[in-house]
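Sharing a structure, written as structure tokens. Questions coming.
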Amino acid sequence: MDAACHIGGRRLALYDQQIRLRYFEKRAYDLFLENLVKGTSHLSLGQEAIAGAFGVAMRHDDYTFATYRGHAHTLARGVPMAPVLAELLGRENGLMAGKGGSMHLTSVEHGVMGSYAIIGAHLPIACGAAWSAQYRGSGQVAVAFFGDGTTNIGAFHEALNFAAIWRLPVVFVCENNLYMEYTRTSTVTAVPRPAADRASAYGLEPVLADGNDADEMYAVATAALDRARAGEGPTLIEALTYRHGGHSRADPAKYRPPAEVDEWLARDPIPMYRKRLVDAGVDAAALDAIEKTAMEDVDAATEEAKAGAAPGADLLFRDVWADGGSSWRN
Amino acid sequence: MDAACHIGGRRLALYDQQIRLRYFEKRAYDLFLENLVKGTSHLSLGQEAIAGAFGVAMRHDDYTFATYRGHAHTLARGVPMAPVLAELLGRENGLMAGKGGSMHLTSVEHGVMGSYAIIGAHLPIACGAAWSAQYRGSGQVAVAFFGDGTTNIGAFHEALNFAAIWRLPVVFVCENNLYMEYTRTSTVTAVPRPAADRASAYGLEPVLADGNDADEMYAVATAALDRARAGEGPTLIEALTYRHGGHSRADPAKYRPPAEVDEWLARDPIPMYRKRLVDAGVDAAALDAIEKTAMEDVDAATEEAKAGAAPGADLLFRDVWADGGSSWRN
Amino acid sequence: MAELTYREAIARGIAQEMRRDGNVLFLGEDVAAAGGVFKGTTGLLDEFGPVRVRDTPISEQAILGAAMGAAMTGLRPIAEIMFSDFFAVCWDIVVNEIAKSRYMTNGQVSFPLVIRAGNGGGLRFGAQHSQSVENWAMAVPGLKVVVPSTPADVIGLMAAAVRDPDPVLFLEEKALYPTKGEVPDGEVVDTLGRARVLRSGAHATLVALGNMVPRATAAAEQLGAGGIDCTVIDVRSLVPLDTHTILAEVARTGRMFTVEENPRLCGWGAELVSIVVEESFFDLDGAPVRITTPHIPLPAADALEDLAIPSVERIVTTVEKAMNQ
Amino acid sequence: MAELTYREAIARGIAQEMRRDGNVLFLGEDVAAAGGVFKGTTGLLDEFGPVRVRDTPISEQAILGAAMGAAMTGLRPIAEIMFSDFFAVCWDIVVNEIAKSRYMTNGQVSFPLVIRAGNGGGLRFGAQHSQSVENWAMAVPGLKVVVPSTPADVIGLMAAAVRDPDPVLFLEEKALYPTKGEVPDGEVVDTLGRARVLRSGAHATLVALGNMVPRATAAAEQLGAGGIDCTVIDVRSLVPLDTHTILAEVARTGRMFTVEENPRLCGWGAELVSIVVEESFFDLDGAPVRITTPHIPLPAADALEDLAIPSVERIVTTVEKAMNQ
């Protein structure tokens, strides 16, 4: 969001982002408990500073490539809440009319080039978008978000090497929340820092950041985006964070030591950031107003999503091909 | 070859290995020029010190996993020349009765667990053999040979991480001959040393060796095999070398600067090693005898291979399944 | 006899074989400590320990490469690929390595291994977590492919797969995990390559697989009430394929309908239609008909997914229409 | 008119489209400086320079990921996968990402890209470098699949594929690279989804693809001399499939034979047989017959490979036997 140019405005924007993502995800969870969310869903509760900071730092025409855990990354680019929520509910007014679901949020209009549910697949695809931007000289950057567990799949390796040799304007953001689905990533990874300790294998500098600190994430994001836009190639960022809830839907995340959970809950990015702003002299009323607006938006989006109809049969056969249809025969 | 226990014997064994591999590959090339080799073939001319040294250093029951460029690695384990040559010629007396061809040499009896023609595929498979040895407590080690270009494919990354975390008794040997098929690997690789510069990404020490020096390769091989057998996990070796000919069959390898070719031909591992032995006081007659026997063996193998019949139709339907047949229906 | 869920049958089937044979190892993502993301492998770590039941990184090529290398050196691994859609990231190991190596080596190596995967739709997981990929495998020479439809078959076919000297893809229907069924006490061992006739009818044969078996059976009940008396066959094993049973029933009834969850083109149904017409053309009273998911990626929304996958109602109306023509 | 080899036609086809549209880029292993391992892309680097014609590392997932990302952001990439067997190492990008994303996003993204690959046997390359994988692709909704059999078709179908707004797998038959054919001067542009009737006969229809087209034609000559008068159809495009032309010829002749290089199970032949029986059952005078490579991995030795892949002789005797029954 280019408008957030002075520090005060930017910090409010960072707070706004995080609050909106938080409230949205909480609502998604409530709706799941009401049995209204169809299929699976993966929340970013606790990880909002990362998607939020990139949302503020990215240019409006930059590209986002997200995963199945992609609500936050999608909303952070300015996609309205209602169609995202409606997509989770499998409604016709969903972002993709219900055809994609929670794991495949896409809004090309906002630069959200898709959410990918096969581990690692979007990393080479983001390289392609970056290659295209480079060829077209558009100055756009592609940003791909992924988890710590994703660093062990082959596509990660191919994408990093490829991006490095072609000096592609792409930023790889590893959100290290310590866990894969239910397994601690350190138990199956040869190095302590799954992304940072691999950077040198691609001739890159390791970049380790506090993923729960929106200011630090904003600085790191800006540096990486600038570097990419300057033609200096990719950056691999490892942002340390923690998911507050389970991996998906009903996972109670019992595999995590309670002390660890407590420690990270105490480092919740949102209260920490609020305190920092207040300490820095920001008027609490401004923050309250942000929270209030965000909650109103979530409420309104919930109403709108719930009001959506089930998608009709005509959608089933639509858009397999560019001609709008599904026929495989002449 | 456990028998090669004293230095003199070991050095003669190393010379013997290299000479046999050299003569064999030259003969394979001649037979190709005679139009007798069916399909493709990829020679190891110039790279014999690596396969040869491992052949001497490995225990008889260790496992070799080779590539399409696998004649040398197969022969180095003691597989007789005739069936290998016959396989190249597509004859019934071939190592696999002609069903595999040059790219898939396998001799389980000699620990040669296959030659694989899809880049990188054998690296995770070697992990599996090593896992099995570890589980069975057999003390066997799996050794996988591959090229510099192979370090950029996803399977490489998955295999290295997997081997490291399970501390598998596996040795990964990257024969860096500077080129993929016709492309210089450095032009598409993010780091100068495609294997050694990746070791740290798997918590491993970089091991760089002169692949044209049989003594050095033997030392490096022994260290890696010992480490694996001691339960200390995998080693990733990068051995610098050069192929004297083209990538496969008719490739004239024009893409290589003549000065580079000359420089490496001057570092031909075999004359270098012969000179070293003679300088160290080894009787030249002993070396001559090794050469003579090797050439006799190649000649005899050529006769035997050429005498083989074309494989019969019954072989076509044999051994899709363990019951010996190919029926997919009851 | 005990009543088990399909989900519970998985762990029971694996445990039965791991108890019997110390060379049976099990590996996959989240399978050990967590008991599997579908809770299909709960208890295995406790009983067999972390040496035989192992959690892996998210490295499907390494998982299957490890299984292959272990199988060719004397072990009998069972590997889990969480969702069958993920075969796409390790397809090379499956089709180019595991499937072909026995043949290429003229029989020097064996691959007694089982690859389990959750297969199929119905859970509103969208196009990348809902595919029925049995046809991907059937099209590749060298792979055996089974799809159980009941808890008893899960155990019996798992035993058969583990004991088989060839690689077996064992596809578990995700939609069936919560379903229940009777399972005999003691060791349960089945045979690969046997279809099962669930119901014998005079007028038509419905041939179904996996999650479509209960639907075909329900459709046959309804059709029977309306005067169309159907045989229902559970294919169970695509390779080896029990053409004997299928051809006999189709010849007897004169009509065949396949009920397939997979997308339409080049499916096992097309193969069966081809076999039936090639071998029993003059026994047919009418054209064989395939009832399939249309040739589209699967949509996520419940309303759309339900329209895509063959329903009992669609089976009934398709059969009625064809029989009354 | 000029006579070109199939191999030369590749570079000419790509060049024609790159000249016309600056958004057409080309990438793959050894394709630029070396002109391709099959020498199919010689001269492209010289004409279009290293920004539009790029050598890649051995990273098939990156190659196709790059093509996909470029296609969805306004370019029209052509990617080479050297041998179609290698689709197995990047199958996820093809089937789960490229094929499904337009549908999943409700039409928000387009994938105007072409993936070329050398396909099929005949070169004694063994089981991992000789496969005919057209059926792998046909079984996946969302991919278009073409297989040219002549130099003119290479150029015309390449143009159609590059200009098409959907992803097209363009399978080049390795065995045909050295074959020659007439090519019109000037721009050559064909249409996807049109089969070609090469020869019209009264008694039977032979339907062939790629490398099997010249063999089916040669077989038809011999069969004609023996009194069996055959139509020969070159399918050319599996998706979209020209069922119109095929059904019409089969209905007219009453008999259908498919000639397929791919292994037997679940092939395009099985799909065609199923379509034909479903839609033209009562026009058939006898069972459709599939002539295929057996369901085995391909052996390397020349003697064995020649036995595996359908030969002119096998086509002739199979048709004769079926027609005289």
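First chain written, first letter: the chains are A, B, C and D, and each begins at residue 1.
In this text, a residue touches a chain if its C-beta (ideal position, glycine included) is under 8 Å from a C-beta of that chain, and two chains touch if they have at least 3 such contacts.
This is a predicted model, so every value here is computed, not measured.
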**Asked** With respect to inter-chain C-beta contacts, which pair, A-C or A-D, contains the greater number?
**Response** A-D
**Request:** Give the label of the chain whose average Cα location is farthest from that of chain D.
**Result:** A
**Request:** Give, as an integer number of Å, the spacing between the C-alpha centres of chain B and chain A.
**Result:** 46
**Request:** Averaged over CA atoms, how far is the centre of chain B from the centre of chain D? Could you give it in whole Å?
**Result:** 36
**Message:** I'd like to verify one number: the distance from the centre of chain A to the centre of chain D, where each centre is the average of its C-alpha atoms, in whole angstrom.
**Reply:** 40
**Fill in**
Check: chain C positions touching at least 2 other chains come out as 56-57, 59-61, 85-86, 88-89, 92, 96, 103-104, 126-128, 141-142, 239, 265, 295-297, 299-300
**Residues of chain B touching at least two other chains** = 97, 99-100, 104, 116, 118, 121, 152-155, 158, 161, 165, 187-189, 315, 320, 326, 328
**Message:** Looking at the complex, which residues from chain C come into contact with chain B?
**Reply:** 25, 51, 54, 56-57, 59-62, 64-75, 77, 92-93, 96-97, 101-110, 112, 141-142, 164-166, 193-194, 239-244
**Fill in**
Seen from chain B, its contact residues with chain A in the complex are 152-158, 160-161, 164-165, 187-191, 197-198, 200-204
**Prompt:** Tell me, which parts of chain B touch chain D in their complex?
**Reply:** 38-40, 90-91, 94, 97-104, 116-121, 149-150, 152-155, 180-183, 185, 187-189, 255, 310-311, 313, 315-317, 320, 326, 328
**Request:** Could you pull out which chain B residues touch chain C in their complex?
**Result:** 63, 95-97, 99-100, 104, 106-108, 113-114, 116, 118, 121, 123-133, 135-136, 142, 154-155, 158-159, 161-162, 165-166, 315, 318-324, 326-330
**Residues of chain D that touch chain C when the two form their complex** = 85-89, 91-92, 94-96, 99-100, 103-104, 126-128, 135-136, 138-142, 239, 263, 265-271, 273-274, 277-279, 281, 284, 286-290, 295-297, 299-300
